[in-house]
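Here come two complexes built around chain A, the first alongside chain B, the second alongside chain C.
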Partner chain A sequence: MLKKLRQKRISIIVLLIVAIICAFMLKERYLALVLCFICINTIAVTGLDILFGYTGQVSFGHAAYYAIGAYGSTLLSMKAGIPPAISILMASLISMVLGMIIAIPAAKLVKHFLSLLTIAFGQMVYIFISITDPLTNGYSGIMAIPHISLFGYTFTSNQSNFFLLLAITILVLIAKNRIIKSRVGRAFIAVRENTQAANGMGINVRYYKIMAFAISAFLTGLAGALYAHLVCFISPDSFTNTTSNLFMTMLLFGGIGSLAGPVIGSAILVIVTELMQSFVAYQMLIYAIFILAVLFYLPNGVIGILDTFRAKVKNKFGKKAE
Partner chain B sequence: MIVQLIIGALMIGSVYGIVGLGYGMIYKASGLMTLAQGDMLMIGSFLGITFYKYLKFPFIVSLLLTMFIMFCLGEFIERAMVTTLLKKGAEPVYIILCTISVSMILQNSAMFIWGRNYLQFPSLFKTATVKILGYDIVPENLLCLGVGILCMVAMHFFMTKSKFGTSMRAAAQDETAASALGINVPATKGAAWGIASMLAGGVGVVVGPIFGVYMSMGAMIGQKGFAGAVVGGYGNMYGAIAGGMFFGFVETFISAYVSSSYKDLISFSVLIIVMIFMPTGLFKEQVME
Partner chain C sequence: MLKLENLTVQFGGLTAVNDVTTEIEKGAIFGLIGPNGAGKTTCFNLITGVCKPTSGKVILNGKEIQGLPPYKINELGIARTYQNINLFKKMTVIENVMVGCHTKTTSGLTAAIFKVRKQREEEKAIIVKCMDILKFMDLAEKADYKASNLSYGEQRRLEISRALASDPALLLLDEPAAGMNGREKEELTQTIKKISQKGITVLLVEHDMRLVMSVTNIICVLNFGKKIAFGSPESIQNNEEVITAYLGGGLDV
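Then we have the complex of A and B:
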């Protein structure tokens, strides 16, 4: 009871700090946009986390689903005249279906070959959107994408978009928490830990692998669609394999298999990217250094550091065993 | 027309084949996967142009020097990064991420040292084309094909006839048994990474005069190389060469008879279809759990 109360107090303090920072950042248009990017990347990385962090299935081609969401929603809203709020959901569903199609062969491949397959898929989608000029306008991209409008209100300013994206991000995080705490989430973790044992326990491994791919592709597609309607301009440059690697970097840096990991990872990486805007040529080098730092020094990401710190504090001040 | 196309296809196919051979060697020797082969090729190309154009070394010296430096670079990456990570208990997926970051670092350092412009490799021969059996053929293509075939034959004899090659194959088959017989298993693993990057670097020098030298030249060649390695059967030396040749032909004939903008899309579609329906590849390598 007391422990629960203390946990609540900590989360309230964290929320207050975040709210104060947000209030300052929201005053400026540019900083509000940065917050929006953090939300979008959090959604995408959360999708990747369900796949890689919980189910242990690697994907180096997640930019493909991001691209499918973005281009799908853009084309549905501009060419078919569907309101953006609905086209975003439809594009996420399309991305989910494609994720399931890729998952059917992927579910039986071992790790290395799964990486190869996902890289190939990512490249294929990138090349497809680059060369089909009549549909996607090729390398020059699509401009003047409509903003999201809900119940007659159009989200044009960055500030209003931030509140919408924040609401969606919180919903996504709650949904993720519910999935992970449920029977499905436990099955995912069982598949990650030991496929044979999971099979022996009566878990349909193939089914859950495909399901993890579907959920992951849905969330990443959703993030892509939201990105398209926030920035109002998309071109193939945003969906290269650098983007896939960026998602992976964010996930690993934040910490895999946790609720807060993707949030922390995407917040830090987005802020670092924005600070380094003048060295844009060396962006890849920065990501590479982040990946290597994680691999060599922070195997569990920032969340891992926080956990060890918390454990140390508990050892010092907590109750001693009698 | 058709003869030039076949020569071109063989040339690009041997490039893909040798890059893919490197992927296969590393996979066989250490069970790990690298994604930095394409960028190794790019670095080799830049080193070659530096030695040949700016330092005015003879071509063969530039080629051998580049191959030596690339061998050391490959060994260094294996020793400094991969082994260290494995000792820390990293999973194989993290090694892939490590090689991805290595490839990013290589691209950025190439940009830092040589700039982001397209560098023109001076032509190696005095004549633009040579006449063979009445067909005009670019001599650089023949050189590339020749070096490719030479590398393949040399690799075949090295792996089957030499003592070190045999011990490499033994270590790939069963590490414990090989080390019990006195084979230095870490050395064979390091040599596999070194040889893979040496081959990629050497190919980089000979494709320089054909494609020009630029920062992102390795990305597409590297991916085609692994596509070739997968189609041939990942980890199989001969499979990688056959797969690389296959993609060389697919690509050349599609860009000649259909459209050059669709060649990459079709190549990757072929790769995905092969992975779905025939994941063991042409040479039946084990890929399932």
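Then we have the complex of A and C:
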């Protein structure tokens, strides 16, 4: 009960901060775009978290689902004339189905074998979108992708897009929280913690691994589709291995297996990436530094530090208060 | 209720369980004992589907269950604990037990996302049920602890609680007293008796002979994968072959 209350309080604080930022950015177009990227990355990393953080299945190829979402929705909206709001959902579902197909062999694999399979899948999708000229326009990419429009209103400005993305992100986080706190979420965590015991307690491990892949691919695909309709231009450059690594870095840095971890991780890394725009060549080096920082100093990510800090404060002042 | 018929399993050249036939009656506290490496845990693994028999049958209430995956066998009403503790360490005590309710609940993904009424009621019901089990196993005050923060004996009790949450008809305990002190063993004896009074059949593998003799009402002895004796605790204690198996044969001069 207490835990629930505390979580509610934290989410209210987070919302307040967001509201303050919103008020602040009303003047700043660029800042609004950065906030949009934070939202999109949060959704993608949340997807990765369900797979890696909660079910213990590693994936170094999540850019693949991001690409499938982006290209899927772009092609559906431009070539088939489906309104973006619907094509985004359709592309996410396509990504989900592909995630399930990958999961059928992947659910049997663990550790480095699974890493290799996911890396290979990421590369396959990247090569596919790069060389299928007639469909994806190859390395030149696709331009003039339509903006999202809902009920006759088109989200053209960065600011309006941010409000839309913020709403979607919050919905995604609520859905994630509900999944994790349910029978399905407990099954995920049980699979991560002890596959043998999970199987012995009546959990169909393979089924839940595939389900985790599906949810994960859906969310990352959704993020990719939103990205395409936000920046209106996609090319294979955005879906390389670097993107997969970026998602993993965000997740590890923010903290795996938590609600706020992906939010913190993507916020910090998006901001750092934006600040370092002039050093694009060193991008991977910067991510590597973040990963090293996680390995040596923050095994549980930023969220781990916050938890330790909170526990310390509680130990010091909690007793006096009682 | 559970019958093993000519159960045999070979790992390479080793016959771990060799032509074992026995029957566990409903309501019994059935002891499965034998020296190290006799094939007791392998028997457990065969019953719970962790490994498949080379030949022979496992029959639960007239239905053949050998070769089914473990999660299906749990659904059919067989729950187990492990020799080396297999808890979900980063989950809390009550969450561990709630995982045990998995097969007895049905809410899926969409029900969870939209928090439909049935799902909320189901969650409430299993929390009540799990707290009852924790009270029964004397772990209620530690419901919010991380499983890894429990003492060894408590972790063993938590494993039993988790198994009980799946409402088993047959409970398999694999060396539940290992690593327990005298008092904890005494409590465990009482707990096993109470579980049996609930109408749950218990199959017990244990090395502690005092515990086995005081709690079981029928015992099967294995040695090198073969069944060498079967009967009441008293008859086993005086069985020549069993004594030979445990203490070695006398020297013929």
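Here is the rule we use: the second predicted complex is superposed on the first by the 304 of 322 C-alpha atoms of A that agree within 3 Å, B and C clash if a C-alpha of one lies under 4 Å from a C-alpha of the other, contacts with A are read in each partner's own complex, and residues count from 1 in each chain.
Going forward, contacts are C-beta pairs under 8 Å (C-beta built on N, C-alpha and C of every residue); 3 or more make two chains touch, one makes a residue touch a chain.
Please read these numbers as outputs of a predicted model, since none were measured by experiment.
Undergrad: In the superposition on chain A, see if there is space for chain B and chain C together, and answer fit or clash.
TA: Pair status: fit.
Undergrad: When the two structures are overlaid on chain A, which partner does A:L285 contact: first (chain B), second (chain C), both, or neither?
TA: So A:L285 only meets chain B here.
Undergrad: Mind working out whether A:R178 is in touch with chain B, chain C, both or neither, as first, second, both or neither?
TA: A:R178 sits against chain C, while chain B stays out of touch.
Undergrad: Of the partners chain B and chain C, which touch A:M276 in the superposed model: first, second, both, neither?
TA: In the superposition, A:M276 touches no partner, neither chain B nor chain C.
Undergrad: So, A:I170: does it touch chain B (first), chain C (second), both, or neither?
TA: After superposing on A, A:I170 lies clear of both chain B and chain C.
Undergrad: Return first, second, both or neither, reflecting whether A:I21 touches chain B, chain C, both chains, or no partner chain.
TA: After superposing on A, A:I21 lies clear of both chain B and chain C.
Undergrad: So after the superposition, what angle do chain B and chain C open up at chain A's Cα centre, nearest 10 degrees?
TA: Roughly 80 degrees separate the directions to chain B and chain C.
Undergrad: I'd like to know which partner A:I12 touches here: chain B for first, chain C for second, both or neither.
TA: Touch partners of A:I12: none, neither chain B nor chain C.
Undergrad: With both complexes superposed on chain A, which partner does A:A190 reach: first (chain B), second (chain C), both or neither?
TA: After superposing on A, A:A190 lies in contact with chain C but is clear of chain B.
Undergrad: Scan A:M143 for contacts with chain B and chain C and give back first, second, both or neither.
TA: Neither: A:M143 stays clear of chain B and chain C.
Undergrad: Please provide the least distance in Å between a C-alpha atom of chain B and a C-alpha atom of chain C in the combined superposition.
TA: Minimum C-alpha separation, chain B to chain C, in the superposed model is 12 Å.
Undergrad: Under the contact definition given at the top, report the residues of chain A touching chain B in one complex and chain C in the other.
TA: In chain A, no position sits in both the chain B and chain C interfaces.
Undergrad: Which residues of chain B touch chain A in their complex?
TA: The contact residues of chain B facing chain A are 27, 33, 35, 81, 84-85, 88, 90, 92-94, 96-98, 100-102, 104-105, 107-108, 111, 116, 223, 226-227, 230, 234, 261-262, 264-265, 268-269, 271-272, 275-276, 279, 287-289.
Undergrad: Along chain C, where are the residues that touch chain A in the complex?
TA: Interface residues on chain C, with respect to chain A: 48, 50, 69-71, 74-75, 79-80, 82, 86-91, 95, 98-103, 105, 107-109, 111-113, 115, 119, 122-123, 162-163, 166.
Undergrad: What part of chain A is in contact with chain B in the complex they form?
TA: Per the touch definition, chain A meets chain B at residues 58, 60, 104-105, 108-113, 115-117, 119-121, 123-124, 127-128, 131, 195, 245, 248, 252, 281-282, 284-285, 287-289, 291-292, 295-296, 299.
Undergrad: Under the definition above, what is the set of chain A residues touching chain C in their complex?
TA: 175, 178-179, 181-187, 189-190, 193-194, 196-205, 211, 215
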